[in-house]
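First, the structure itself, so that you have it in front of you.
Chain nomenclature is as follows: A, B, C, D and E, assigned in order of appearance, with residue numbering initiated at 1 for each chain independently.
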């Protein structure tokens, strides 16, 4: 009997998820041992038409990382959905939009403006990428940008979610173990829609820092603060930490080394909107009664949407800025 | 004054109050009067008024527009604002008096033309020069309304001139055209309202 | 509702002790106000989670009104201050989403202020009418596989 | 939204409330909407009925629950504050958990506030839809039962508090009566006669004071204030601060020698309203209960003139050990009580605020309270009504009603007692001096038993009543012919004339105000004040005795201006309510409570400081937060604050509220565009 | 400090002394005044009686001109009660009545002007002197204290009422000018009529009413022992001073109570020459009263130290803290 097929695809994402998979070290050999890798552009050369030629549902599992930003991303999402029995939204981009999703705060024109004409870009002729371009050899095309970034589950049905930016290697290994056990017939598939490779609480659950009742009378960025105590909750020291509202599973990696959690594992179980939870929690413990005093504390958060929705914007209740959402494709 | 409501007033009942309120800026609260009389009690000209302000407000509610606009009450208002600050209902009484004066002028109802005449003379100077002109004002007003008292007031006028407190010619502002345009537009807007 | 006259739909969160009772009082006093607000009763304005506001806006409401007890008069002593803080932070966030501050109004009304409640509703409806419909685009849902595909 | 609500069977009942609802809302159409459009949401029966709250209406629900197997009930009718209990009761009788019923308020929030029928009907449908979606997520709950401690705290020893204390004590239950003045008695002890019967205030009050002072079930804590209140109905822990009297209460016999020997005479700003004197060691009045003096360190020579001065009181004190203790410290005592009655009374409007009435500037302008003290035979003038010189009887007296009351510049409310008090004072002045008396009023308000008869009597005695709010009181004549010495300038509104009435004395009937510290006191006891400072009762008509906080009741003027009979009645009513709680032994509370899902709680401690009732605590060993259901008052602030979504609130869960939002947006919810 | 300054018609003419004295003392109190260029009449109480909207537009032009000039100060001050009140009233009513704000600006647009309600702080000169510059700063500049001079501070109506922005301690018995006079070394007398009406325009349209009011004021101040009356308004000064003569004639009375502007008294205390302060332009000669000024402080009333009230003194008065 031939091995079941495995695929991995990289849509609008940075590539970190791919690296994270390789970070499981020799475990990757087990992957090879139990699966036939059918499609994995970062690892091997397979053309889209080869995939198109495969029978529907002929891939057992596809790890899809990256969000849906371009028509190409969408095409591949739909294609892989059709060809796969199990489609896994792998990593923060696919699950909730992640950093690419932050672009949803701006309409496309502003994004192009920023990317191609800001002072940090050397582009004296103000050249903008075009969907199609004539060259001597013929027509070159680029997939057009869609109005907003969407998550994988806003485009196609998703079977499982593996959060993280990127997912932690030990968690990837654990997910792989489950898949292999299923292939071997030693385990049942988890219920559809399950979140794999993560905990059921929030980052604080794993964070070793000491914590007390919270009263925030100032918020600042890390460079504006005096050296921080290494064993005390960062939020209590005035640093915006998303740990309380972020799903556990990373072993509190960032707070362990003195950096605040920025929320990459997404919302806690059953939470509709991670940003809203973080917002309400922080506002609740602001130590001020009068509007002006409250504002003074909140001024320490110059970019609230970017802070609370750093990873979850595209998947949040509002998803994007109104102007971006209103754009025609 | 009549104690029987005129048929006109019967028809207009309530409407007059609404018109007075609409013509008075802000939250003037005239409808909130509880007829306590703190205005009539406070007014320095109260004893000279045909109707105390309180009574005038009752007449406004009763729709007795003619009685109200013929009354000397608003013209005897000295704008001291005692009634306004003491009114337990915070009614903008002094502002209401201004409204009644301008309504009376427009309706041509006030019998003694002298106070209205003073105001109108004043307005004429302002509209002509952009500034008031005391000598002209006093002379013209008294010539028209109290020709006999003019002689009696002469020592005062002379005293003013002697002390350099009055000038013989009015001062005209530079932006008279601008002011004229503004006032014309304002009158047009007021008429349209 | 005719198309020419925009009639906003506003979700109103009221607390059990003050503002909901103010709304009751407006009712018993037969004080008329625009019918655009639909109320939800919670025990305290401190129960109001920004999620609710976002949910309402995303699901078709043109505005959200949050009404609690006056500061210093909260039945739960000081929880309305939490509502105040959340509201201020939410407003900052919403601005980045392009949502005007007038669409999410925080107000106070004591149980005795039926008239004030009605006035606040009237004022909010007027403001939202001026802003026009919010009409937040609905959330995309995954399409069945048979549907047409976008060519790359 | 994830849906496990498919198996529910919902009944929807739309009330006509006679024509109250049906006159504006098309109730049939609402019922039809529920029956047809919401079939897919589990609605199996929808009816409209004239009066759902009637016995027949309730039976309709009960019958449907039994016969149609309803698992959820929605009643679209009035406000839940009116009839939620009624319909929950009906469900309970039919065997359905009462908390699986939900009300949709289409009367107060629709029919009574809107006029356009079509729009009102559409809104009613949205509200019903919201209620259906919500009720599908309701969970069966059980009322929380708490035991009731038998002791009661009564705060304030005026006539209202005394009445409450005596009624409860007579029933055999312990009462702690806390009074911040040195004696109980309150304002009533300052008065001479009481309207309309002219009983002597002391004659009817002192027996009650004595009874309270000696009652075996009443413990008095005078010269004391409540500092802290913790706990909940049935189970309050109260900290009382006992201010130092500098006199040993257990030893002092009240012989009064110390008072007699004290050489320091000071103006008595409290009991004598500033026109009499007391010593530096004093009892406020002869019949004070307890009859134990208080030493005032602000005026006593021992403290003011450097330590060691005078000490006359100590020298002459006959008790063994000596009752005078100069270095006595304040004490704190802790009381355990089940219920609290607040009867903290009122303060007099500060007449100095109305500059045009001249109080404080013109010598012969007095307040009503000053005149009360003057009329009192035990007062500073021995019952004589005299001018500020202390000797001359006035020949003409003006009494000004509504001072500081019914006036948006000061207090907007009618103080309710001033008309009658002013009429009474007019009578007393006339009786004592034979003076000509003028009462200036805006409206005469004499609406209780025998009140108007008293007004008639005083009219008949020849007191002049002039209808007009006094504009000013002046000592400046308008011209050389005017003779004062004082003038009351007023519009006689019935004559339509401005008048200046010359008088010798003016009495300002200053109104009643909430205690200046009422907001702070309200906060201590966890109850709300209206914006102007009166304590807010639970319901203006149906429950003027309870407050929004279970187990805390109000009586007397703390809740709003009222006269003595009304204060006594409310005091007694509060006692009845407390006794009913005590006799029940335990109490059922709304099961609206927050709880923590420990598996989801990360122990971040964000919620830990949010609860003003100290219901939230952190369990260090397990590193999770816990909520004490007995202390939790159900506000839901922590539920809304938990960043992990680990706290849930029964009765008002996220699922219920989010579903209700969706339901309310019924007509604007759009079909999602396919991706 | 700096303020925009609206002199008003009266200050240019009959109240020239007010203007002269103000100009003389402004350096002493470090008050920099910038006149609103090409201002027009405020309309007094008369324009409002005839046309309401144009009256606001008339005042609106001044506000708009001032706003345009308001680079480094938002403060707009006027010395005349009526001017001050009119400026404040239009500003307040435009703030409170959106419809009025729109209408007035529509009119102003005809002259290419615009005023944003609430963008300026309109204050009377006395308010600025007492509350912004302060009594201490005034006292510091006093070189010739007005010892021995008993002055009745007269506020009139329209500065302390309706008092839109709550600037004063009382609408009926304010104390700001009294405290200012005390800072100058003078003795403010306690009198009951300090905010009673001077008669306003009644001197012209109903003199009998006006004379009664003027007599009452003059009599009241004299009765209280005042050597002179200090005013803050050209109209009050004119009525009490120029019409005092008419009033005497009317009632066959013989009052002689001079009326000066508070700025003139400040100037004297600051050591300016009377002529530079416009002293001498008044109808009722102030020279005899001013002659009473002593070099030495009068033997203070501080000798009468407050004794504790005793029962034989009669009933105690209410405490006025």
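One rule holds for everything that comes next: a contact is a pair of C-beta atoms (placed from the backbone, for glycine too) under 8 Å apart; a residue touches a chain by one contact, two chains touch by 3 or more.
Just so we're clear, the structure is a prediction, and the values are computed from it rather than from any experiment.
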Path length in the contact graph (chain A to chain D, fewest steps): 1
Winner on C-beta contact pairs when A-C is weighed against C-D: C-D
Chain whose Cα centroid lies at the greatest distance from that of chain B: A
Geometric centre distance via CA averages, chain C-chain B, whole Å: 47
Length of the line joining the C-alpha centres of chain A and chain E, rounded to whole Å: 70
Junction residues of chain A, two or more chains touched: 150, 154-156, 272, 277, 280, 284
Residue numbers of chain C (touch at least two other chains): 49, 51, 55, 78, 82, 86, 137, 139-143
Sites on chain D at which at least two other chains make contact: 356, 472, 610, 637, 640-641, 654, 658, 675
Chain-chain contacts as defined at top: A-C, A-D, B-D, B-E, C-D, D-E
Touching residues on chain E, where the partner in the complex is chain B: 9, 12-16, 38-41, 43-54, 56-58, 60-61, 82, 85, 92-93, 96-97, 100, 103-104, 106-113, 157-158, 161-163, 171, 196-197, 199-202, 204-206, 208-209, 213, 242-243, 245-246, 280-283
Chain E - residues contacting chain D, complex: 170-173, 192-193, 212, 215-216, 220, 223, 308-320
Interfacial residue positions of chain C with respect to chain A in the complex: 49-51, 54-55, 57-58, 71, 78, 81-82, 84-86, 88-90, 92-93, 96-99, 136-137, 139-143, 145, 149-152
Touching residues (chain side chain B, partner chain E) in the complex: 23, 25-27, 44-45, 48, 74-76, 78-82, 84-85, 94, 98-99, 101-102, 105, 114-116, 118-120, 122-123, 125-126, 130-132, 134, 138, 141, 155-156, 159-160, 163-167, 171, 173-175, 178-179, 181-187, 189-190, 193
Of chain D, residues touching chain E in the complex: 265-267, 269, 274-275, 277, 352, 355-356, 359-361, 363, 367, 370, 380-381, 386-391, 472, 474-476, 478-479
